[in-house]
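Each of the next two complexes has chain A plus one other chain: chain B in the first, chain C in the second.
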Partner chain A sequence: MSEQDQIVDTPAQTFLGRIWQALGPTGLPSDDRGRMRMVVDNLVLHLHPTKVPTRTLSWTYTWGLGGLTSLLAVILVLTGIFLQMNYTPSPSQAYLDILSLRTNTWFGDLLRNLHHWSANLLVVTAFLHLLRVFFTGGHRAPRATNWIVGVLMLLLVLAANFTGYLLPWDQLAYWAITVGTSIINYVPIVGGFLNRLLLGGPEVGAPTLLNFYSLHISFIPVTMVMLMSLHFWRVRKDGGLTVPRRAKESEPPKIERVTTIPHLVRRELVFAVAWIAILLAWSMLVPAPLEGIANPDLSPNPAKAPWYFLGLQELLLHFHPLVAAVIIPGLALGALLLLPFYDIQISSVGVYFRSLRGRFLSLLALGTALLITPAWVLLDEYLLDWSAWLASWPSLISNGLVPLAVVVLGLVALDELVKRGLRATQEERILFIFVFLVTALVVLTAIGIFFRGPGMSLYWPWDIPTTHLSL
Partner chain B sequence: MQTTSLHTTIQTETGKPVSRRDALKTIWAALGGMVALEFTGLALAYMQPRLAQGEFGSVMSVGAVENFPNNSVTHIPNGRFYLVRLADGGFLAVYQRCTHLGCSVPWDQSQGMFVCPCHNSQFSPDGQVLNPPAPRPLDLFPITITDGMIEVDTGVSITRETAHLAQVVYP
Partner chain C sequence: MKISSRAVEFSIGIFATLMIATGILLYVFQEPGRIAAAQEAQMRTDLDEAMTLYAENCAVCHGIQGEGIGATPALNSEALAQSDYTSLEKIIARGLYGTAMPAWSKEDGGPLSDYQISQMVTLIQYGDWQQVQDRIVNLGLAPRIPFAAEIDPQTLEDVAALPGGDILSQGLQLYAAECVACHGADGSGTALAPAINDPVLREKSADELERILRNGVAGTLMASWDNVLTDDEIIALIELVQRWDEVPAGAIPAPEQPVPVTAESLALGSELYTANCSRCHGPEGQGTPRAPALNVKSFLSETVDAAIQQIVALGVPGSAMPAWGDRLSEAEIMALVGFIRSWEPNAPEVATPARGGGPWWQSSSSAGGQSSAAQGAGRGGGQGGPPWLRSGSNNQAPSLPGGGIPSSGASGQGNNAPGSAAGQTAAQGQAAHQAGGQAAQTASGHQAGAGGGPPWAVAEQPLPWYQQLDWRQAALVGSTAGLSLALMAVGLVGLRRLPQ
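And now, the complex of A and B:
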């Protein structure tokens, strides 16, 4: 009872003292009851439970990825507000505003760099966070809902990035968005309509800039904040984080807990400060790219979509557009959303890569995909010519469904090998295929970023002519 | 079925009674649905193309027939198209936007074809695909010729799966 009394302070003696008191708890509590009480009473801290399992504090379990992703979201909102004050979303003004931000506004360049790099890092950290959740089984019951919320947020992160990409209105922005939105045209029946709707016209122009700006500064961030709140609330509803376990521990360990203050909060603060320092240093040293003002008559060569869509653009070079832009991404997204409903083994939750054999299988999948994906790209570029071999068939079949069937059969064969040859369990087989596909996506993206030059031909990164980069 | 003043029931065609509560629920749901539809409609309407007169998207007059010799390709920059006059004197307004992923396709006079800088699609002067990945010929804009003056409607592009003569306009 006495601890409780300490929290409900007696009114302070002075005027300023009473104001100070109204702002929040005065001084740090000295015992565990008080510390737990403080978590419950504070608007921000109450996102946390009062106590957390000691084991979940381990850096090498979460890698702080969810926290870093949240931190980046906060930095983006803050820097975004200031950028917005110096920006007009019109083709005649936008580019000039960015130039003036770089040269005439105090710390304008730093602000812009910070926003740019945080946004790009956010795509990476959200993706890595998804991987860590998957590898520790964090998507399984009862956390299925939160997994789905997570996938939706990942889509929103991409949408936020993509709409922001256009705003500087330079050549890079204009053509990346042109190529990126053109992919939508390949959706059957509604594609053309959707594309026109998004662009507000037949091609990227003034209405597009306004559409993208509005989505970027209102709809997307507001939805994001709502989903993030839902996400944090669900983490607590689902009983906190999954608790890490070593592969050999058969029984879930007895859970030891420590108070959130100081154990978790201190870690979060140190982590956040360290990352803010890294981001600041990075943003001071590396300027965000800006090319010449957008010129709708002059396409650069090559014209690439934003980097996180280059895996998709790479697929477009190998498959009929309906397969590359609709069927494959659709299947992948469906499989990702439904993952918690077919990958359901609860006994291995908390063990990285499910089991010792799971670790081996993941490495195997990584290695196989690292070999097979570039090999397939090279083969398809120089040897396979489906449309010519099957010339009498429509290109949707010859250059789309046939190669897709070959890829799917290849995956089924790999799965059979792992099942028969290595006696993998159901969850280990899913793990194997997942790692294989994720690696393939990363490899395709890397090829799109580093190995595609003029005319989208294959080059060594150091051989790509740089003329297209000139202003 | 007994009815009280509070629980009015309506006899439906199938003979199953509907309580007032259920009827109200249905009406609420219908109203909710209408509101949702209206918002969707509004959102769609707001995002519709907004076009300015005299610019790309409107009907543009490009000049007299005799200004364009046979076998010529003329770029009309603010209309975003090429006015192509074929060997037989027929006209085509070819949209400069590549049908692959939307790059602007320049005319290459020396090779006598359109070559896309982005993924190297090639098109003949009348827009036919000479080299993929472009999946279909370049789009067209409708041409009208009155009293020897050429007008091109850049508001609607004509997509075509193949190029054929019926698309050519003769003065």
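And now, the complex of A and C:
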């Protein structure tokens, strides 16, 4: 056996030495074999293989997005525990507790800011991680299961953020959740029931706060930890990360590997420390928003859902609610979950955007969506009036299915154009439509955040007045 | 692939660690300061919101400076500020048994949440009552009616002389002392309480009225009066409610105290005056041929604020003075009244209306004839007298009341009163003003009507769209369109160059 084993087997001579031997590291091993052994023997490091392909260490391949997302989850759990100690989930106390974090608690403000900003960044990094995996083909066989787990986790992230949004019980929270949950009502047949179940009553109130709090601190984090374990485990089982390839390489390169310690672990540590520094600095300087106490009689105008749902809220302004709130998100989610089963070409896995052609095609899709989406919003806002033109039809058809058909036909036409005009392959067409739709979602969300003012009318971002509606 | 970034990564790691360490250290040192600042900011927010709540809910009984009115205790006392949080909080939340203080907590049917009640306690403990008064004035919530009114002895005698009048007169006195604040001088109700001069209420049995008076009405500001009033007094009040019709109109006089002002309300009043009033009443209130002067001693000293307020809100029927009540808020009208009142110390005895060259807003030649008429009136040569007084009165004796304005507080007649809370004095002011309006019309002749329409009717000309466009809009639209076109171009060119 190696030197390493002998060191472990020999008991230390002193009292402190024996404690150190039991709890601390037995020195950094000096040879690769010892380093690999250390990875296997350590609970946390054991998430990693003992050796990793050199190429997957590249910063510009993964961008560390999965790692950052995990780091944020850890920060959220830790800060969340301390916030929980200072919080009572009741309408009469919740807001006062948040105020008291500011005015009576050492580091209370910092913890809340850290939690708030990490939570919002988590939505962004989880989404970007999904994009990265898609663009490098990481969803394709054999990683299909893990893709589905990942999409479910993205939904959980949104649920965690949404339930947490209500907890400060300020005007922002109250009305964003009122608007956000009202979207559930549009689910046919069971919508009203689901909404009441979630709210614990006809409107946002004390039972809602308790429901959201319970979900936020127990069900969602526990499920998240389980899915995270599954996600990490499947990464190992599916053969680690996809190995990056250059677009011009015709066949998969020979895989070179280096030991996880120090190459991967060092990078992870540096990356984590750097991001902790950034988050701390940001949270020390930028306070999390907090408005006046929730007032059910005074609605801000416009009342907007949390920012990540504003793309959805924007759709509601253009389509019949059933189409905007159920059919379109349902189709999109279904297409996303089933992606690994129709986008199956494994020869391009590891190449960003499939190929050099794919990169230009993505740029084309990005540009087209950036132009068409705002144009369509403006057109629908000021010119298209389906329910007036098709007045004799039910509004589900005239203002829902008809415009949806127009949009879908537009997408099909675009797809045909790319297929015929540019002779795109199937995976290129999927890439084109994916980039197009993701860009459209981002643009719609941006319009919802920055361009919608009182009465959800279009405004220039710098012209939006602040108004309230007395109920 | 070479892994050469080791040194870079180590430097980043060490730098970030140092940043975290120094960041936390610095944060620890500023944390007590941050907490103190947050507490102070929170106090400011709470006081600010509490002042508005006080204006809306408490000022009518406790006074606009917390000075207490009548039997209502003062809140601006040092002793109260020193008392502990819990006892103050309990009094506000649950009311005070045996007094007119109702329960304010939502749990007890009141309008305030626990949080708002805690803000009210903060106000009592740390508030600045001068600021409270300013807030009330700026919100236009200063009560127009005194909490307790004085009734003219002659009126009381007249009432007592009615059949069964003794008890009615006692009821009227009690009403003036205890009820006017909420139910209004003429019994027509206010924002706080319903009308008393209401046939429906009169239909109710004496038993039911007695129950309301003794027990109060849950969920409203109507407190239990059982411990404040004697049995006789309750009977007198029931009698009054049931026989309200027999009480002469205007028995309880309108308030005479001035509208309170702040620098802010004066500025607002000045702005509103310039925008809405100056065209007819002149930039400095000196009057024009279209409308009487306001900036003269004789008008200002004879017309109490409530009357001016009434005139502005309701207009003067039959004259060019429109009712502004629909266009201006209560607060704005009170700011206007305060502004007009601010002229009084320096107001001339005699109005000197109009500038040299005719009405200032007209520059066309058609104003010529009007101009000379105005000059004539202004210099007091021919017409003489302030224009709101009947023409023909001597300009050498400006204080002589043309329409015979009686001293304020007089009772009796009031048959031309418009039947509102402002009551008698307002009616007199209005009558005098009406006369003035007629005089002005006489002076300026038919041209007054052709003056180009009222100022609020001037339509705004929208700019053509290319003049509305500003650089930010152009930059945003241009950069978005440019970026997307550029991306599409790069994509297409790249695709053309690449083989399938």
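What we mean here is this: the second predicted complex is superposed on the first by the 459 of 471 C-alpha atoms of A that agree within 3 Å, B and C clash if a C-alpha of one lies under 4 Å from a C-alpha of the other, contacts with A are read in each partner's own complex, and residues count from 1 in each chain.
Methods note: a contact is a pair of C-beta atoms (placed from the backbone, for glycine too) under 8 Å apart; a residue touches a chain by one contact, two chains touch by 3 or more.
These numbers come from a predicted model, not from an experiment.
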Touching A:203, do we find chain B (first), chain C (second), both, or neither? first
If we overlay the two complexes on their shared chain A, which of chain B and chain C does A:382 touch? Say first, second, both or neither. neither
Any idea whether chain B or chain C touches more of chain A? C
If we overlay the two complexes on their shared chain A, which of chain B and chain C does A:15 touch? Say first, second, both or neither. neither
By the touch definition above, which chain A residues appear in both interfaces, chain B in one complex and chain C in the other? none
Any idea which chain A residues touch chain B in the complex? 175, 178-179, 181-183, 185, 192, 196-203, 205-207, 211, 296-303, 316-317, 321, 387, 395, 454-457
Sites on chain A touched by chain C in the complex: 54-55, 57-58, 92, 95-96, 99, 102-107, 109-110, 256, 258, 263, 266-267, 269-270, 273-274, 276-277, 280-281, 284, 292-293, 356-357, 359-368, 370-371, 374, 422-423, 460, 462
Enumerate the contact residues on chain B facing chain A in the complex. 44, 47-51, 56-57, 77, 80, 96-98, 100-105, 116-120, 132-133, 135, 157, 159
Which positions of chain C touch chain A when the two form their complex? 1, 3, 6, 9-10, 12-13, 16-17, 19-20, 23-24, 27, 31, 34-35, 38-39, 42, 49, 113-115, 118, 472-473, 476, 480-481, 483-495, 498, 500
